[in-house]
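Each of the two complexes below includes chain A, the first together with chain B, the second together with chain C.
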Partner chain A sequence: MRFYEYEAKALFRRHGLPLGKSQLIEGPEQARTAFSALGGGPVVLKSQVLSGGRMKAGAVRFADDAAAAEAAAAAIFPIRVNDQACRSILVEEKTQVEKEYFVAITWDGRAKRPVCVFSDMGGIDIEEVALSHPEHVSKTHFSTIVPLMPHVAKQAVAATGVTGSDLNKLAPIVFELMKIFLAYDLTLAEINPLAKLADGRFIVLDGHIDLEAEARGQHKKLLADLGIGDDETRQARPPTAFELAGVRVNSADHRGVAGNVVEFDGNLGLVIGAGGGSLTLFDAVRKHGGQPANYCEIGGNPSMSKAKELTKLILSKPGVEKIAVMMNVVSNTRVDIVARGVIKGCLEAGKDPAETIAIFRIPGAWEEEGFKILKKYGVDFCDRSVSMYDAAGRAVAKLRK
Partner chain B sequence: MPGTFIDVRVDASVARDPEIAKKLEEICPVSIFAAEPSGVRIVEENLDECVLCDLCLPAAPAGKIQIVKLYE
Partner chain C sequence: MSILLSRDTQIIVQGITGREAINLTRENLAYGAKIVGGVTPGRAGRDIYGVPVYDTVRQAVSANAEKGIRVTGSIVSVPPNFTQDAIFEALDSGIELIVVVTENVPRKQVAQAVEYAGMKGARIIGPNCLGIISPDECKMGGVGGPAANTKQAYKKGTIGVMSRSGGMTTEIASTLTAAGLGQSTCVSIGGDAIVGTTYAELMPFFEADPETEAIAIYSEPGGRMEAELAEWVTTHRSRLPIVAFMAGRFMDEMKGMRFGHAGTIVEGKEDTTAEKIKRMEAACISVAERIEEIPALIRKRLAERKR
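Moving on to the complex of A and B:
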C-alpha cells in the first residue's frame, strides 16, 4: 500500500532524515497561513496524490508570495493526476539545489534479498539513467538475516564515484532508509530527489513509501499515527464496483478467504489461490496467451457459500465466457467444498458447470470427494500430475475453440 | 428440500425430541440443525455447507440421522 508523500516524510522525520520545513493544507485558503509559517520565502506546492506525473499534470507549482501561493493552491486542488483526486497540498520551502541524487530500497525477487539502488543522477527517471549512464547507478544487495551495517550503505554510495564529505553525509541517510525499509516491512522506500543544497547540506525533497499490504496488521500503530484508516486500500487506482463486490463477498463470511479481487479486461474468469498460486496461475494464463478477467485469492478453507458467491460474481462480469478453478496442492482447503461452491455458483448463475468451468485443478485435501462431485456434473478436472502451468494452458485452449 | 450435494435426514421417531434437537443444533459446525419447540428443523440453505464431520451421528440413537451424498 502506498503512502502519500507527506506520510512518507512523516515516517522519515521520525527516523531523523533531513527534511525541509513544510505544512500540509486542506484548502486554498490555508495557503497564505502556510506561506507565512514557512518564513515568507519562496515555496513549492505539491498535490498529494498516490501517483507520479504531478509536475506534468500541473499539480506542482511554485509561489513567491502569499497571494501567489493561494492562487497556486486553488489551481492545484481540482487537478486529477492519473485519475487521482488531490487529497491535500504539501507546501514546502523552496530550496537552492546544487545537485540531486536518487536512492531506493526495494526487493530483488531474483536475488531474494533487498537491494539498494543509488544514483548520483537523481530527479530524473532512474531507468533512463541506468540505460544511458550505468556507471552512475549502483545496486547493492543486503541481507535480512545478518545485521545491517553502515558500511553497506557507504559502499552503495561510493560505487557511483561519490567521495569525500558528500560520501560521509550521504551514507548515513542511505543507511537509515535501509533500516526503515526493514523495520516496516516495506516493498519500496525511495527518496528522489535527495538534494545537496548550495550550503552543503543534504535534504529529502520527495519520498515514496510502499508498505507490504499483508504487513498492515503488524504496523497498526504506525498507520494509526499517520491517520491511515483500515478502510483505505491505497491501491494504484480506486477500486472498481466489481472489486468492491469482491470485498463484500470476502467479508460476508469469516470462513477462509475468497477475496483480493482485481478486475481485468479479459474473458477467462479465475478462481485461483494457494500460497502464491494465484500469482503463478495468473502468469501462467497470460503466458499461454489467455486474457484473465480477474485476479483473486482463495484459500484457508472458504465455505461453500463463499466459493459460490465469488464464482457468481466472476460470472456476472460482462465478457466472461468461462472460469478456470485452479490452486496449488492444498492442505488446509477442502477440494470438495470448493468444488461444491463453484458448481453451485454456476448453477445459480444459470450456467452449465460442464460448459462454464474450463478446468478444475485443485489437488489436495478431500480430493477424492471433490472429484466425485466434478464427475457427476461433467466438469473437466485434473489432479496434481498436471502442473499448474499445463492446467492454465488447457483452460486457455478451451476458450480458443 | 435437499441441498444440491447433501441431504440430511432425521428419523421421524427422534425428530420431535427437543433434547436431541438441542444437541444437534449445538454440535453441527455449519448450523444445519435448528432446535425448535416442536423438535429439530433442517436449515435447508446450510445443507451444502456440510463438512461431513459426522458429529451429528452420535447425537441421536444409532441410525436415526442419515447424511446422504447426492453426488454418489
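Moving on to the complex of A and C:
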C-alpha cells in the first residue's frame, strides 16, 4: 500500500532524515497562510496523490508570492493524476539544488534479498540511467538476518564514484533508509530526488513508500499515527462501489475466498477462480472477443452463501445478463457447493439459472454431485474434457446469440 | 523417478490440528505419503488419523529417531503470523525440505527464512503453494486434493511441471494425463513475490533426473523468475525442452494493479507477459497460448530433439 508523500516524509522525519520546511494544506484558501508560515520565500506546491507523473499532469507548481500560491493551489486541487484524486497539497520552501541523487530499496525476487539501488544521477528515470550510464547506478544486496552495518550503505554510494564529504553525508541517509525499509516491512522505500543544496546540505525532496499489505497488522501503530484507516486499500486506482461491495461479500464470511473483485465495463459476468485460473480464464474470454463485466477469484472452498452473494452482486451490475462460472481443476473446493451457491444467487436475483449461467466448468472433487444439481436446473455444464479456453468460448458465443 | 521427495520421505505436518492441515494430512496419507508426526503446541499426545501430535518439531524428530526413522520433510500449515517461526523451528531441527502452504506471509519474513534455510543447506517450497507431487510415489501438500482426485489428474511419467499457481498445477497435469503424458514430479512453487525455490533453482534437479524428458511451466506477470529461467536454460545448455503457458496477458496494460497472487503485479516493463514471452522464446522455451496446446508442443519438441 502506497503512502502519500506527506506520510512518507512524516516517517522519514521520525527517523531523523533531513527534510525541507513544509506545510500541508487541505484547501486553496490555506495556501496564503502556509506561504507566510514558510517565511515568504518562493515555494513549490505539490499535489498529494497516490500516483507518479504529477509534474507532467500540472499537479506540481511554483509560486513566488501568496496570491500566486493560492492560485496554484486552486489549479492543483481538481487535477486527477492517473485517475487518482488530490487529497491535499504539500507546500514546501523552494531550495537551491546543486545536484540530485537517487536511492531506492526494494526486494529482489531472484536474490530473495533487499537491494539498494543508488545513483548520483537522480531526478530522472532510473531505468534509463541504468541503460545509458550503468557506471552511475549501483545495486547492493543486503542480508535480512545479519545485523545491518553502515558500511553496506557506504559501499552503495561509493560504487558510483561519490567520494569526499558527499560520501560521508550521503551514506548515513542511505543507511537510515535501509533500516526503515526493514523495520516497517516495506516493499519500496525511495528518495528521489535526494538533493544536495547550494549550501552543502542534503535533503529529501520527494519520497515514495510502499508498505506490504500483508504486514499491515504488524504496523497498526504507525498507520494510526499517520491517520491511515483500515478501509484505505490504496490500490493503483481507487476502488469502485461495485468493488467495495465485493470486499464486503468476501469479508462477510471467513470460509474460502470470493474476492479480488475488479470492475470492467463488459456484459459477461465472471464467477471464476482461483488465482492462476482466473488470470487464464479472463484472458480466454477476451481472446474469444468477450467483454468481461468483472474479474474475481473464488477458491479455498468458499461457502454456499459466499458464492451466492458474489453471483447476486455481479448480476446486479447494469448490463450483465449472463455469468460464466469457471475454474481450473480444483483441489479443495467443493464443486457442488459452488453450484448450489450460483444457482441460488440467480434465483434470488429473480433470474432463471438455465438462461443466466452461460457455462459451468469446475472439475474436481464432488463434481458428480455438482453436475446433478446443475442438470436439475437445466444449466449448461462441462467437465475437464472441455478446456478452460473452450469453456470460455462457449460462454462468449451464447452472448452473441 | 522423482525429484525432491520419494515414497520413503518421512514427513511431519506443522500445525496439524488446524482445519486445512487435518484435510491435508488425510489426503496425503491416503495417497501414500509417510506422515510420521504432527506439531501443534499444547496438543501433544493427541493423534490425527493415527499420526501422533507433538508440542515441538524437536520432539517429533527425536520420537521418530528412536524408532530409527529420520524425518526430513515438513509441511507448514500454520496461520501467517506463526509461519516464520514454524519454518525456523523446522530448520533448527534439521528438516531438509519444507513445504510452506500458508498464504499472506510478509516477504521480509519469507526472505529471512529462505536466507536461514540457505545457511542450513535446506530447501523451502512456497509459501502460498499447494506443494509437491511425484505421481505414485509421494505428495506433500494439498496438491490434487483428495487421493482419488489426485490419482485421476496425475499419472506417473516423464514430464516435470512447475507452476506459480497451485490450481493450475493440477489443470496442466490433468491435461497432460488426458493426452497420455505422465509426470515425473510437479511442483507448485508458490505465488508470492519471494518464494523459497524458483523455476531456475528446480532445473538442476530435473536436469539430473534421468526419467524427466521435458518440462511444462505455468507462468504469469510479475517478478523476474521467467528471465532467470531463460538465463539458466541458455547458460547451462539444458537438455530438457520446456513449454510454458503464460496467463494474465490482459495485465500488461494495467500497471500497478494486483491480480491473482501476491507476486502478480506489473510494476516495470520486465514484469509484463510480452517481455517474459520474448525472453523465454529467445531461450528456446516454447510459449503456449492455451493449456491444451501444451501436450502437442511437448511432443513436437521431443521429436525435434530426437532427430
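One rule holds in what follows: the second predicted complex is superposed on the first by the 252 of 401 C-alpha atoms of A that agree within 3 Å, B and C clash if a C-alpha of one lies under 4 Å from a C-alpha of the other, contacts with A are read in each partner's own complex, and residues count from 1 in each chain.
One rule holds for everything that comes next: a contact is a pair of C-beta atoms (placed from the backbone, for glycine too) under 8 Å apart; a residue touches a chain by one contact, two chains touch by 3 or more.
All figures in this text were calculated on a predicted structure; none of them were measured in a lab.
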| item | value |
| --- | --- |
| Contacts of A:Gly364 with chain B and chain C, given as first, second, both or neither | second |
| Touched partner set for A:Ile337, first chain B, second chain C, both or neither | first |
| Partner with the higher number of touched chain A residues, chain C or chain B | C |
| Which of chain B and chain C A:Ser303 touches, first, second, both or neither | first |
| Touched partner set for A:Lys372, first chain B, second chain C, both or neither | first |
| Footprint overlap on chain A, comparing chain B with chain C | none |
| Of all residues in chain C, those that touch chain A in their complex | 20, 23, 80-81, 104-108, 110-112, 114-116, 119, 130, 142-146, 149, 153, 163-168, 170-171, 174-175, 178, 191, 193-195, 198, 218, 220, 223-225, 228, 245, 247-251, 254-264, 268-269, 289-292 |
| Residue ranges of chain B touching chain A (in the complex, touch as defined) | 4-5, 30, 48-49, 51-52, 69, 71-72 |
| Complex interface listing, chain A residues touching chain C | 107-110, 112-114, 127, 143-145, 182, 185, 187, 212, 214-215, 217-218, 235-237, 260, 262, 273-280, 282-284, 286-287, 295, 297, 299, 327-332, 363-365, 384-385, 387-390 |
| Residues of chain A that touch chain B when the two form their complex | 303-305, 334, 336-337, 340, 343-344, 347, 369, 372-373, 376-377 |
